[in-house]
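Sharing a structure here in structure tokens format.
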Amino acid sequence: MERKPTATLLLSCQDRKGLVAGVSDFLFRHNANIIHADQHTDQEEGIFLQRVEFELGGMDLDPEQIGPTFTPLAAEFGMQWQLRFSSERCRAAILVSREPHCLIDLLARWTMGELHMDVASVISNHPDHADMARHFGVDYHHLPVSAETKPDQEMQLLDLLDDRKTDLVILARYMQVLTEQVVNRFPNKIINIHHSFLPAFAGARPYHQAHERGVKVIGATAHYVSIDLDAGPIIDQDVVRVSHRDTVTDLAQKGRDLEKIVLARAIRLHLDHRILVYRNKTVVFD
Amino acid sequence: MERKPTATLLLSCQDRKGLVAGVSDFLFRHNANIIHADQHTDQEEGIFLQRVEFELGGMDLDPEQIGPTFTPLAAEFGMQWQLRFSSERCRAAILVSREPHCLIDLLARWTMGELHMDVASVISNHPDHADMARHFGVDYHHLPVSAETKPDQEMQLLDLLDDRKTDLVILARYMQVLTEQVVNRFPNKIINIHHSFLPAFAGARPYHQAHERGVKVIGATAHYVSIDLDAGPIIDQDVVRVSHRDTVTDLAQKGRDLEKIVLARAIRLHLDHRILVYRNKTVVFD
Amino acid sequence: MERKPTATLLLSCQDRKGLVAGVSDFLFRHNANIIHADQHTDQEEGIFLQRVEFELGGMDLDPEQIGPTFTPLAAEFGMQWQLRFSSERCRAAILVSREPHCLIDLLARWTMGELHMDVASVISNHPDHADMARHFGVDYHHLPVSAETKPDQEMQLLDLLDDRKTDLVILARYMQVLTEQVVNRFPNKIINIHHSFLPAFAGARPYHQAHERGVKVIGATAHYVSIDLDAGPIIDQDVVRVSHRDTVTDLAQKGRDLEKIVLARAIRLHLDHRILVYRNKTVVFD
Amino acid sequence: MERKPTATLLLSCQDRKGLVAGVSDFLFRHNANIIHADQHTDQEEGIFLQRVEFELGGMDLDPEQIGPTFTPLAAEFGMQWQLRFSSERCRAAILVSREPHCLIDLLARWTMGELHMDVASVISNHPDHADMARHFGVDYHHLPVSAETKPDQEMQLLDLLDDRKTDLVILARYMQVLTEQVVNRFPNKIINIHHSFLPAFAGARPYHQAHERGVKVIGATAHYVSIDLDAGPIIDQDVVRVSHRDTVTDLAQKGRDLEKIVLARAIRLHLDHRILVYRNKTVVFD
């Protein structure tokens, strides 16, 4: 079934009466058909957050007029807001190190039409996956990195991301820590998959840590990358049972299935503009 | 934290533009603060369903005026609708046969304040749980049943439910099939817990059926009771892994944990007016 | 860590005293180091089933002598038994129709070393995945099928499986029903992934059936193929939560993640000789 | 179905050839019927651990002779071992503070025959649950505690546990930290339920911590109590999904269902002698 063109409005502001009525009345007056509306009020903080998706067909405004026409209302309520169109496709860079399972999984989903984005580039500090990328018809960039070349490599990385007009960076088991410079260029636009149930086992070798501690469940966490390592806003998490019979290798194998699924879910939520970030947490309108 | 008095509007109608705006504008004009709004459009069927919860404090209408004032708008859109107030407490009857795990679990949750209802009666075809009911301070009614006395027992049951002004009937492992007469008196107001993942293993002895088939996962299903046995609208389901090591007795024991949780979740959703039924399916606004 | 060469003994017989002692004594006398031993007694049926994995290094028997030397003991207890060596690699055929997600997932796992088998062939009734197979370095055979050509196509299929010395047939979303002739040639050697939580929604279009019934959880089932459609011994199952918001397309997308994982787990259990079948059920020593 | 009297042997030692054969041969020579045997070898540490359950009926040894007769074999292999009989019933003390959900759940399970133990006492620093205990027919002891009375209260606690011949202490949401003196008296015999997915959110107010961090999954952990707070060997864990809609109160409510189930599972594993502890981890033969 072909999806009709839609726009999605994501907004947040101080909670007050008339917000829902104001937004829905605006859309109704311009003859928009709302197909999804979801909202959340953080009672403690007094913050209102909303996602509204509506069809463009039949509206008395052209898509480029919607934003400017909405601005006065937004100003009245002091809203932070974004407007996204289903016709825009996110341009994603996939960064990967040696382990290819997340990369292959994402490319396969993308080929099958699960991810509404363009894969602008695949970038790796290893040459291993060039053939794979080529098979799926995407560009592969090998940017090797060592302690000495790290600043230089990051510069190349930034240039490449810019050059490809990247607006989403996916760390698909990319084992390098990004510096502040890169992180700040893409606020809430870098999605990482960490192979533990954060905040447990942050940092290096989480499966080794989990094995050492003897946990009975392991997890994976997709989160936006912030300056603090493994401490950014969590988008999604999932877990799987393990036992004393599982070696570190077994944990890594079971964990890979989690990593693939949790990362893909987080990307899909991002692409559908279902995530709002505030106070280092996410509101996920699913 | 004390919850402020609210009202909840549940409505469904043919989908068309202006529905969301119409309802939110109505509430805004009467100075209501919307604290939750959720909606669903069944695109295939063209049906719109909505739940709106709003605070009563500050409104320019008394609670009893809200319904009549809303009626013209509802008529205009051809809505089916219900209006519920958080100050009303559902009056529940809990029906149980021999196995008490769901009964005890519900009474414990109720005592701890998890279930916002009055337990109007506990009714059983066995005398076993009278002390338990008494301990929790609720009335216990023993209505024995046999093939010959069944019609008579159902009459007593109906009288008792009426007498106690019952508006929710909970079948907490009640092993008697209710007749059409009782079912029709409480449309979408009888919640049953079936000890399988429906539609698999409907009917009698589901754990025996599951063991015989050699499944690796068992489930439990909470559903509204309709005339067709185990075929009413599903409210919630959950599952747990099992293995060849599990005997039928083990399945029953693992299953009991599911039954308790799934039944309690379904009741809570019902009490919070989060469930809309259409075409033998539920929309659950959670 | 390189795994040392091992052998695995799978056996079943009428339960009686001395079985465990008999087998472990046999292995001890021949200086084998047992690294895993698991057993199960079906008390109702009086059947004993065992899996023992032991290192070949240090034994006073050559691998090819173990079977003949064990035969008298097996005869004494009336055992059905198989002996497998970790050095043997299963030769698998992967059959697939249009949807490639399971195929790609299996090939990716195989490339990463998760599946200890040779992919002897990829066979499809469609030409679509030839490039994919080639990319992973495996042969692709297009065997188109229509109502008239079905008997002929099955003959070609059997020839191809024979020619490639196939000993495991994986139905990775292969949408054709295999005839008795093929099924009987590979008893407990054909693994299918069915996209529902069997026995619910057997047959065609399970996601449509699930949507129609309004279930809150969907599943996937990996099973050995028997003559009765979707009724063979279940190897593994898993589920994921869904809601009224999920269309049939959403169910199919969520379900694909289950299908990939459950199929891969079942194959791994089969390759590690962890599955024993009796009375149309499996004992899985995991 | 009445269970026949059995004994369970739990042992661990340095791994070497002949262990399995030695034990099974011993049992066979004394005419025991093994009904479950499970083992685990920690390859990295070179440690062998085994659980064997066997029927006493038909053996040529009286129960009290089995241990002494086994001693020479155990000495030969340098085993640490325990021998338990199904006829012995563990004498448990349940300690609880204000929240009664775990207490009620355990008493209900115990009444239904799920837990093969005697409830020797219910002990609380609050008077609240005396009636509940009485209803289920068990003794209730109110031992109030404050900063000043803590040493004295612990002394009373120890006396009470001794007096009741307690051999299992269950912390069913007991919010006092036990001192070294108590912990050392019951090594691997105190089971605590912690309301988080350890090692995440150890210490106080884990649901508040989880809410603050914005996790998408919360958990519960049953573990043996050691001197280091919340750092003892983990017996079982489980999790449930949460979202931005869940307040701290909602997390606590969802978490209670986990706590009840995970604690009950851990106790059952302990009572069935299925747990071996080594290097601050558990091997759970389930």
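Chains: A, B, C and D, in written order; residue numbering restarts at 1 for each.
Rule of thumb we're sticking to: a contact is a pair of C-beta atoms (placed from the backbone, for glycine too) under 8 Å apart; a residue touches a chain by one contact, two chains touch by 3 or more.
Small disclaimer: the values here were computed from a predicted structure and weren't measured.
Trainee: Any chains in contact with both chain C and chain D?
Mentor: The shared contacts of chain C and chain D, listed by label, come to A, B.
Trainee: Farthest from chain B in C-alpha centre terms, which chain would that be?
Mentor: Here the answer is chain C, farthest from chain B.
Trainee: With contacts counted as defined, which of the two, B-C or B-D, has more C-beta pairs across the interface?
Mentor: B-C
Trainee: Please report how many Å separate the Cα centroid of chain B from that of chain C, as a whole number.
Mentor: Centre separation, chain B to chain C: 42 Å.
Trainee: So what's the Cα centroid distance for chain B and chain D, whole Å?
Mentor: Centre separation, chain B to chain D: 36 Å.
Trainee: Could you list the positions in chain D whose residues touch two or more of the other chains?
Mentor: Within chain D, residues 43, 245 contact more than one other chain.
Trainee: Which of the residues in chain C come into contact with chain A in the complex?
Mentor: These residues of chain C touch chain A: 1, 99-101, 104-105, 108-109, 111-112, 114, 131-132, 135, 245, 249, 253, 257, 261, 264, 286.
Trainee: Quick check: in the complex, which residue numbers of chain A touch chain D?
Mentor: Its residues touching chain D are 40, 43-44, 197-201, 213-217, 219, 233-239, 243-245, 247, 280-284.
Trainee: With touch defined as at the start, can you tell me which chain B residues reach chain A in the complex?
Mentor: 17-18, 20-22, 24-25, 27-28, 31-39, 41, 43, 58, 241
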